[in-house]
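In what follows, a single structure is set out as structure tokens and then discussed.
When the chains are written out, they are named A, B, C, D, E and F in that same order, and each has its own residue count from 1.
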Amino acid sequence: MRNTRALRIISALGGVVAVLAIVPSTAFAQDVPTTQDYLNNIWVFIAGCLVFFMQAGFALVEAGLTRAKNVVNIFAKNMADAIVGITAWFACGYAFAFGGDGKWIGDSAFFLADQDMATIPSGGLSVATTFFFQGVFAATAVTIASGAMAERTKFSAYLIFSLVMCAIIYPVVVHWTWGGGFIAQDINFGDALSYSDFAGSGIVHMTGGIAALMGALFLGPRIGKYDENGKPRAIPGHNIPFAVVGVFILWFGWFGFNPGSELLADEFVSTVAVNTLLAAVAGGLFCAITIWLVAGKPDLAMIGNGVLAGLVSITAGCGTVDPFPAFVIGGIGGVVVVFAVFFFDKIKIDDPVGAVSVHGVCGAWGVLSIGLFAKYDDAFLGREDAGLFYGGGVDQLLTQLVMVLIIAAWVTVTTGALFFILKSTIGLRVSAEEEIEGLDLLEHGLQGYAPDTVHA
Amino acid sequence: MKLITAVVKPFKLDDVKDALKTAGITGMTVTEVRGFGRQGGHTETYRGAEYKIDFVPKVAIDVVVDDEAVDTVVDVITAAASTGKIGDGKVWVTEVNRLVRIRTGEEGADAV
Amino acid sequence: MRNTRALRIISALGGVVAVLAIVPSTAFAQDVPTTQDYLNNIWVFIAGCLVFFMQAGFALVEAGLTRAKNVVNIFAKNMADAIVGITAWFACGYAFAFGGDGKWIGDSAFFLADQDMATIPSGGLSVATTFFFQGVFAATAVTIASGAMAERTKFSAYLIFSLVMCAIIYPVVVHWTWGGGFIAQDINFGDALSYSDFAGSGIVHMTGGIAALMGALFLGPRIGKYDENGKPRAIPGHNIPFAVVGVFILWFGWFGFNPGSELLADEFVSTVAVNTLLAAVAGGLFCAITIWLVAGKPDLAMIGNGVLAGLVSITAGCGTVDPFPAFVIGGIGGVVVVFAVFFFDKIKIDDPVGAVSVHGVCGAWGVLSIGLFAKYDDAFLGREDAGLFYGGGVDQLLTQLVMVLIIAAWVTVTTGALFFILKSTIGLRVSAEEEIEGLDLLEHGLQGYAPDTVHA
Amino acid sequence: MRNTRALRIISALGGVVAVLAIVPSTAFAQDVPTTQDYLNNIWVFIAGCLVFFMQAGFALVEAGLTRAKNVVNIFAKNMADAIVGITAWFACGYAFAFGGDGKWIGDSAFFLADQDMATIPSGGLSVATTFFFQGVFAATAVTIASGAMAERTKFSAYLIFSLVMCAIIYPVVVHWTWGGGFIAQDINFGDALSYSDFAGSGIVHMTGGIAALMGALFLGPRIGKYDENGKPRAIPGHNIPFAVVGVFILWFGWFGFNPGSELLADEFVSTVAVNTLLAAVAGGLFCAITIWLVAGKPDLAMIGNGVLAGLVSITAGCGTVDPFPAFVIGGIGGVVVVFAVFFFDKIKIDDPVGAVSVHGVCGAWGVLSIGLFAKYDDAFLGREDAGLFYGGGVDQLLTQLVMVLIIAAWVTVTTGALFFILKSTIGLRVSAEEEIEGLDLLEHGLQGYAPDTVHA
Amino acid sequence: MKLITAVVKPFKLDDVKDALKTAGITGMTVTEVRGFGRQGGHTETYRGAEYKIDFVPKVAIDVVVDDEAVDTVVDVITAAASTGKIGDGKVWVTEVNRLVRIRTGEEGADAV
Amino acid sequence: MKLITAVVKPFKLDDVKDALKTAGITGMTVTEVRGFGRQGGHTETYRGAEYKIDFVPKVAIDVVVDDEAVDTVVDVITAAASTGKIGDGKVWVTEVNRLVRIRTGEEGADAV
């Protein structure tokens, strides 16, 4: 419902009338975009660039938290997510997500064929802008899983997963929600007018996180992750600087991810940004306190997860909450992520980088948090004070919960089926020998850090 | 001739080297190693999971010397490398049948 | 005086009248922001994102110029500056800096309580935009000190320093100046109408640099930095690529730092950017020449400092000088930084990354340079040709000097007291054994570059 | 012809009339820039920042694909390209490129003397904006060569090359084309109205690529690159993560490089961005397939080149083609680059990072591709359907070809002469001993990765 | 006394270390090395050009033991390091004339 | 049997390895080391402060061979590693009492 949404927001600023007032020319030449239209599209495009850059952040975090012998494989998978993911998005992903207003799936604009790319609808975004912004989102969604599947997945199998994820699994989630499909149309209980997921805590992050969970589940833990008594053993990452720089890059990119999801250049871009900033620091802060108390040391590898947890948690609610609640939502995410990591370690889901905890668990929390803290109309909610703590009752919370369950069900089933098929055909996991030697040499024939050779 | 191998704490390398220089030793070969011993390692937790690092970083110093020089050199190293704390390391001496300087082909004492 | 400032600039473009002319709608609907208002806020927000990204640059420069055994600690401190710093800014820093027009300190908007975040005053910035942009500045100011205190500071002590710095010490400096406090009101001699520090050579960088100086002073040099004869010994950084990439990231971020400080989207954004670019290259160029002549080699670790020196030097004057003077100001910074590094090395202030020289010394030089080269009204000066070389006499120079002294005094006293208290209570420095072993294992229980483990 | 171009585009949107209509104020106050003017300049400046950041990308790619013993030298050269390059651009490069409308070379605005930096011509860019945007382009052009000349070039000789390149060789190419010189005026055959090179496949990348080729040629291969039978031997890069992160940064920067070359904030910014994105993924995809088939492994070091090849290939045509052709153009680039790398390896041109293949070969392909696929008027072509496949006949293709030949001839001759002089005077290459020991210690007196020193 | 040097596959290090611990060995010194042998390396292609990596990563373990302990220790190492595949590595034994513990100056058996 | 240890210049490793291969040597173990000797290091300045690097990078090659092969192998190494410049390195030979191939348990000559 992004379109209506954009319109709603505009009227919220004084109505289309005011907009016309601002730019008389449009009054007699509807087809001439206004400077505001250009600003909207330029801003959302710039935001998309920041989101694209998150690919580098994901690659660095995942590489930093895994072993040197698999570093080429990590970067190859992230590069593949961008390459295969965007190609799939171009071929059919965009069409399934935004091609027409079918209830279940889109059916036009494959390969962007015959699309009017350039024209900017008044107050809206051109096809080009939407394709770009949503495309880099898709690349992000799929990349999330690569971390959880690190250090043991067959490269060819991963490529197929990446392809299917961007071609159909994620686009369907988008169509049902942002694309105006059945969740947008039918999922609203009682006073709730609509689900809300401003920038995709659920649509993007939980989707990626659940795919990550299924991947880790079907793969099984890395050799040596558990000792003979089944006690989890640490397998320290080989480059903490990479991991932290990656977190900073992701954080930087998130200022495109959330504020850009306003899909307009208006005053709410900055409020969304402030909420995003505060949730991130709260996530890092409370994660640090928690791990310091629990493990006795301020484990930087965990604190990085905490910052990301804060960011994921506020991604849904950043458009509807006040700064302090944003800080609280992020802080809760930062605490939750620590225990989630412990939990999955305990139940033998080996997730080397904590992707399931950060994106899956905190993604769900983010969607639900709207049911508690929603105060302003983020143009999804369609009403003020929708949150339980603001007198909005439980209807919104219920709506959010059902949305989470629907997305979770869809992603669990589809990725589960996919991984099952892969496992029982070409195989999902490399040989034990290859895993021990490292994936770089045998899968890619390339060392991450080759010693200097001199053939004198 | 003899090969003296000393395993010492990394931050003691400079001291040992300088001491050997003063003692008239003109050459040595150094290797980064990891040691396991009484000193023990330490237990870390990484993202909540524990892991024990048994090995601590050490530096191995190899010096080939004439037989008569052995005892002084061993003493020099021991003195320079000692902190009195567990983990200071070991020195051991093995027999060298032959030593050649690659550049000149000189052998034995002349090759040192 | 940022507000008046913004207004001044607008009138400089033809006056508020023109602004209204541009957007008739505002004439009858003052409460409807114009596209120009949106553009202003979006631009300043984007600039803030670039400034935020400087956190990664600082971390990389500091890590690159220090030893591998302390790399986790370096990144932990930089991450903490962002987390603790922004939290403190949210709690009270912003309030002290911009909360009301008290002469000495602000007293409202703690935790942004009851602030109208979104509304954009005509021609100005919303609270959200200001909070975000000024908040990432605060995080920068505190991070500066971490480099000078590297490789020997207790993590817990550093956290407290970081907290106090962003909670009170830096905010007070901001309140006195950009916040409209007593320096803005009372410090102007003779023909000088006001101090000027466009983007914070003094307010941000010198403040950070002096804190860095006091930190290094109270800590004392690293073990082994000076030989028995007190001759300084080099302790080479472990990763020059990190250091240089860090410089590039900082340079990139500076294009948000300086041009963003225009606080408007107008034609001066680009002129500020050009001055910033030219000062940076001049700083690098003349630093390279100097170190090549003095040390016989183009020491890249020093040249990186030179670029940063050029950037810091022009941060105050970028809004008032012509391109060539900008080049000169940066070039002088590049020469000065070399000798400053030598000087502090000589007097046994051990600053592993040169933060005191780059930010402290060149920050002061930047503020003073306005007294010499100021030509245009940067909306602080309130007049043309304020610089000595442009016939403005010595009044502006004197004003700038007094401003430098006031800030220097405040920061010296407060950070000095803080470090004294820390030193005599929880202690400022780690044990000699820990310093030799490296801070990573004992403070953080984490190796920066763990060898690949295989538990077969 | 950028100016007319900008105007052409505006009229394409409904004409200057509409523009005035949008902003009545300008009707009576031509000297008051409109919000659209500000937006144009802010956007192009932001795009310039992204282009500037590409310096870090180039440094990382080159460092990652070469040996650790030369890593300081690689970063020193890239830093020098920024410092020396921009300084030269400031001194005379900008003047030669854009100083007046001489047919052969510009002759005013040296050191930006007496330029009106700030004023924004209606619908255009201020001098400051143009200087900044074009300046970072210049720095890019020269950096391209450093990779091909890696691991054996004397630093002093490289500095002179870098200087001359940015001072005269590249500026002349720009003047002949974007500067409105003789290629812009006279090179158009039959129905073709003008050459077209939207963002510089030829003007920037091929220019850099040919300089790279001449450099590698005059230097000769690295010691040990060829065995006794003249068979090329691999010299693996020391840090694949650096190389891949570098590719992501370059890709990110390219969203400033191409969309920013619109030189306006209009609806075509997003269409250019989509074409850029699609060409990049196609380049990576088809490069991966090719190398996988040929070498049996998905060689990540090559796939990175493929992405860059796609980006270079679309840099000329991104303003005139539809999405699918953009995908095709990039994909062809991705295949071409593989065989180009093999070819140069075979004929004993030792290009450690593939710069000649990526920028030189694919740069030429990009320019030519317009003659085949051009559909829309990119404001260079001045007509629709100029491409052979769109019924435009061969005239445009011929025009493009001649343009390629002219630029190639100019760059070959001038850089050839320059390298010849350097070789026969101060010498172009380091001593064999230095090359074997590594350039870092002897040229720079600095180790890239110094072991931790402890002087107890 | 004797110095036992074992060159084994890196991922076997933990097993060997644990086996030695259980066998009552209190100390050892470990070095990252590269091995050349029957196992051979493998040929890679990098950006289209081939290159042969002759060396494979190995780990060298040095243990100084009393003469009587030698055989057991060698057996323990051999057992723990063996996978039955080419490249398992070698163990060799050399004579040690003297061993000193730096911290205490103890010699011989007491120094182990 | 004997253990031959050669410390050579890093860029000579390939030559030595190839020479040994041609001489019929089927295995060796290589270690990155740092050498101190006549060659001396060099003085650097880093950010204006001087520092002396005493150690230069070297490579140590360990080869266990039958007694009769020793002299040829030493000569082969010396020939292949020599540049005639200071710093070419040393070769030394020590006695090996026992050699075991982990995979098979073979001993002595069969284990080489």
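Throughout what follows, a residue touches a chain if its C-beta (ideal position, glycine included) is under 8 Å from a C-beta of that chain, and two chains touch if they have at least 3 such contacts.
None of these values were measured; they are calculated from a predicted model.
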Common touching chains of chain C and chain B: A, D, E, F
Same or different residue numbers at the chain B/chain F copy interface, by half rule: different
Geometric centre distance via CA averages, chain E-chain C, whole Å: 53
Centroid spacing, where centroids are CA-atom means, of chain E and chain F in whole angstrom: 18
Contacts with 2+ other chains: residues of chain C: 23-24, 34-35, 39, 46, 233, 235-237, 239, 295-297, 299, 301, 436, 445-446, 453-456
For chain E, residues that touch 2 or more chains besides their own: 11, 31-32, 44-46, 51, 94-95
Category of the chain touch graph - line, ring, star, complete, other: complete
Residues of chain D touching chain F in the complex: 436, 441, 445-446, 453
Chain F-facing residues of chain B, complex: 1, 3, 17, 26-32, 64, 94-103, 105, 111
For the chain E and chain D complex, residues of the former touching the latter: 44-51
Interfacial residue positions of chain E with respect to chain A in the complex: 11, 42, 44-46, 51
Touching residues (chain side chain D, partner chain A) in the complex: 13-14, 18, 21-24, 34-36, 39, 43, 46, 50, 67-69, 223-225, 227, 233, 235-241, 244-245, 247-249, 251-252, 255-256, 259, 265-271, 273-274, 277-278, 281-282, 284-285, 288, 295-301, 303-304, 307, 322-324, 327, 436, 438
